[in-house]
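Input: one structure, supplied below.
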């Protein structure tokens, strides 16, 4: 696992927001909107074994699928592909290690919980004083299982002495839920004065969702078809 | 494999109880009750390859799935997830190694045997004098195959010169059997004067069982659905 | 991964064209024609784990499946077999490393995009000034996912400071599309004055395609049959 | 791969009998009877990757599945579980290495050949003079394929300069065949004056066979059921 | 991968014939006949990962499945089992390395090509002057894919500076084709004055083929049955 840093930024105790894809895509949707609205710069990319060999092209330039965007106060981790479950522990540890020398103020992990509706956002944290603070913004997630990156990143941050919180939006189901993403953004706006337009997100998220789904389907078709028809040659 | 110790405790020849999930969940049920009733502290967690990336949240704080709780006389090893069969040998050896420097008095492994009923508790041990002692509390398991952690942990303890016993409760079947867990707790109470309320266990175990099963099902749904619908992109 | 160099050539800032098989075989078709028409020499071959143990015989001499051909101004990377998807990241990095000491002027990656027709060629690049230049020849691929070697090679070239562009021809589908290959060749001719006969390509590509498909089928039959009938002995 | 030696024995050029499970269980049946009748001591156990985490309990004490028993003249290698086919080469080599410092007189490998009847015992050896000697006791196995440990152990012994023979009993089929086991014991009695009661074996072997099969089935049920019902939790 | 040399032979620029099993078993059939007729000595065996743990017994002595036989002028590589496809590259390289210190005059690889008939033998080589020479004996294989060991061995020999040719006999299909084996032997007789009786081969090859197929089937039955019926025990 490597992080290839492409841009040198003078960080000022940045907040690091993990917005990898998960339930309802809520973290990705919120992260995407922050990156675009705050015009964050492309900071670099993660090289991870077993990630499919895709790149996302923007204005003619290809980018690897797992990337970081940043300004001097904020780093957002974003991915076009799902992180393979058995890479999550290692990646969580690697993220803490990679960004620990940027003097991060706080790690924030975004995620979703299937609830049949998109109303509340729940909070988790790796220290009791952070829990107290979170109560000003969200309801605490009292008891239950949290899968994916959120819980693991908080544990690894705790092991290295970094403060970390998780924000878990309710989602209608596993399908992309722009409303849940907007709810996450609402909380982030209040907590860190990000001032990102939330209403815009809902409209754009649906457009982006459609676009990406279409491309993903096209790509899947490409790969699976070519294999079946020409297993040895091409 | 690593053990990340989060709390420094001055141990006084502790007894180490292995209560990982197995047949009828009897070890987990008994271990859970001991942890709660004796208000054991969170000692730390095991990092094990190929364990699913889940965390269990309690009062807003996420914990990794394979953990140890302790007071100065007692260490209880507990897991929210089944230990993969081919990790058991290595983990048994790692447990002995990890806790050997705490001057443990005795290792106790808890397990279950399907018997169509939940009456007896059987004992095994890694030395003949321990067998004699066990006869005061339980019937000796005379001949047969013991799967999972119990037998292996006793063997590895024996190799390093540590005393170890196993307590195997009869269970109705593979489903969680609070009665079998209570029977284990009865024996542990008598052996080590733990003074843990057994009747309370039976009521609570059922509640916990339901709660955890529900969360597990929800999580499984989450992971399998998201993979099917968005195999490449989220 | 190794590159076994069989011919010593005095390179003069060569252009390196990656023409591995992909959608519509367009890269392979264009690359094959360049190798033949410009009478490039066999430069050497790549040794890659998990590539099927095939060789291609030409005039009685067997060649490994993943090869490079060259003259002093041009290196073409060609493969008789599909590169396994999870080798692509590593191979992209290895290619840049292997040829970086030849003072390459530019890396060019050839690929295809399913479009239901074979008209346009799209361009991508790893630097903005290259995008500007590309606009003189092709339309820029504005936004989307690019799978396979193309995107990855551009990223890895960028990491090492090398200029790299990708040319992506529209293809009717995944099946070999000589028209798409010809369109790539048209652009390459204009860009680098290669002066390769494009019309000839279309006729020959179909013949080659048929020949290779037939051989591939014969080989597949050989391997799968012998396994089923004599699984232990022969 | 490790051998953990639990008992120090002063060996006097011992004969090493490999009695791992195979066709018709004939080696295991003969080996088991020798261990019991000659009251061999538990010498130690093999630690082998990918062996299922089972232990066999005798009189309350758990033992790992692949073990050695011995007196000063004899070492018997016994296993409760089948050795995975792709571990056999490595284990054969490891056995020769492990016991080479005990100055072994001879290695003897026990096995079975499906013949539809349980009459003859065939012999193989790794030297021609041993073949001559074997002709006094058994018919030589003239030509054919021998699977499993027998052939491999002879080859590895030969490579290290140790004498080794294999005794292959006819078996009715793959099911446990006490008659075939008794035939092996007959030959071993004659060759090495072991004086083990053969008739007793036949009666006891059936009882043991039933007992072990029952336990094995119970265990299999345990493991497969628990996985299906609680794949994540328990 | 290892080669265990069992016999010290003073080689005089030997020809090394690779006769591993392949299409139509033609190489194995020809190699077997050369070994028997020229009474070659058992030179040693190859130890290769993932090869099934079989041995072939001849006159009571077990031999590993991948072996070499030799006299001072000739080394024949023979195998009772198919070489796993993904071991072929590594084995080809290992063969060249292993025998390079015997000052080999020439490597000869034997193989088959399905043609619906058994008439011609085609030739390939790793140098142009060898191609010229081959034309005196066989037709040159002009263009196509050659799978398995033949092509790879020629490439690896070429990389190390050794001369190597391949002889590819037409075969009726994938089934053993003694006629194709005889045709190979005819060419080898002419090329190297081996003076091996070809007519004898055809009669014997059929007998051997039947014998080996029968044993292979018996063995397969043994292994697959025992696994199904006693997956844990025996």
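Letters A, B, C, D and E mark the chains in the order given here, with residues in each chain numbered from 1 onward.
As a convention for this text, contacts are C-beta pairs under 8 Å (C-beta built on N, C-alpha and C of every residue); 3 or more make two chains touch, one makes a residue touch a chain.
By chain, UniProt protein names: A, B, C, D, E = 3-isopropylmalate dehydratase.
Here the structure is a predicted model, which is why all the values come from computation and not from measurement.
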| message | On the document's contact criterion, could you list the chains that touch subunit B (3-isopropylmalate dehydratase) and likewise touch subunit D (3-isopropylmalate dehydratase)? | response | none
| field | Third chains touching both subunit D (3-isopropylmalate dehydratase) and subunit C (3-isopropylmalate dehydratase) | value | E
| Taking shared residue numbers divided by all residue numbers at the interface, is the value for subunit A (3-isopropylmalate dehydratase) and subunit C (3-isopropylmalate dehydratase) over half (same) or under half (different)? | different
| query | Once you find the CA centre of subunit D (3-isopropylmalate dehydratase) and the CA centre of subunit E (3-isopropylmalate dehydratase), what distance in Å lies between them? | reply | 35
| query | Taking each chain's centre as its mean C-alpha position, how far apart are subunit B (3-isopropylmalate dehydratase) and subunit C (3-isopropylmalate dehydratase) in Å? | reply | 56
| query | What are the residues of subunit B (3-isopropylmalate dehydratase) that contact at least two other chains? | reply | 52, 54, 80, 212, 215-216, 219, 233
| remark: Each chain touches its two neighbours in the ring; listed from subunit B (3-isopropylmalate dehydratase) on toward subunit D (3-isopropylmalate dehydratase), they are B, D, E, C, A
| Partner subunit D (3-isopropylmalate dehydratase), residues of subunit E (3-isopropylmalate dehydratase) touching it in the complex | 4, 45, 47, 50-64, 80, 211, 215-216, 218-219, 221-223, 225-227, 229-234
| task | Sort out for me which residues of subunit A (3-isopropylmalate dehydratase) touch subunit B (3-isopropylmalate dehydratase) in the complex. | result | 21-23, 25, 28, 52, 54, 80-82, 85-86, 88-89, 114, 123-128, 131, 134, 140-152, 154-155, 159, 166, 173-176, 212-213, 215-216, 219-220
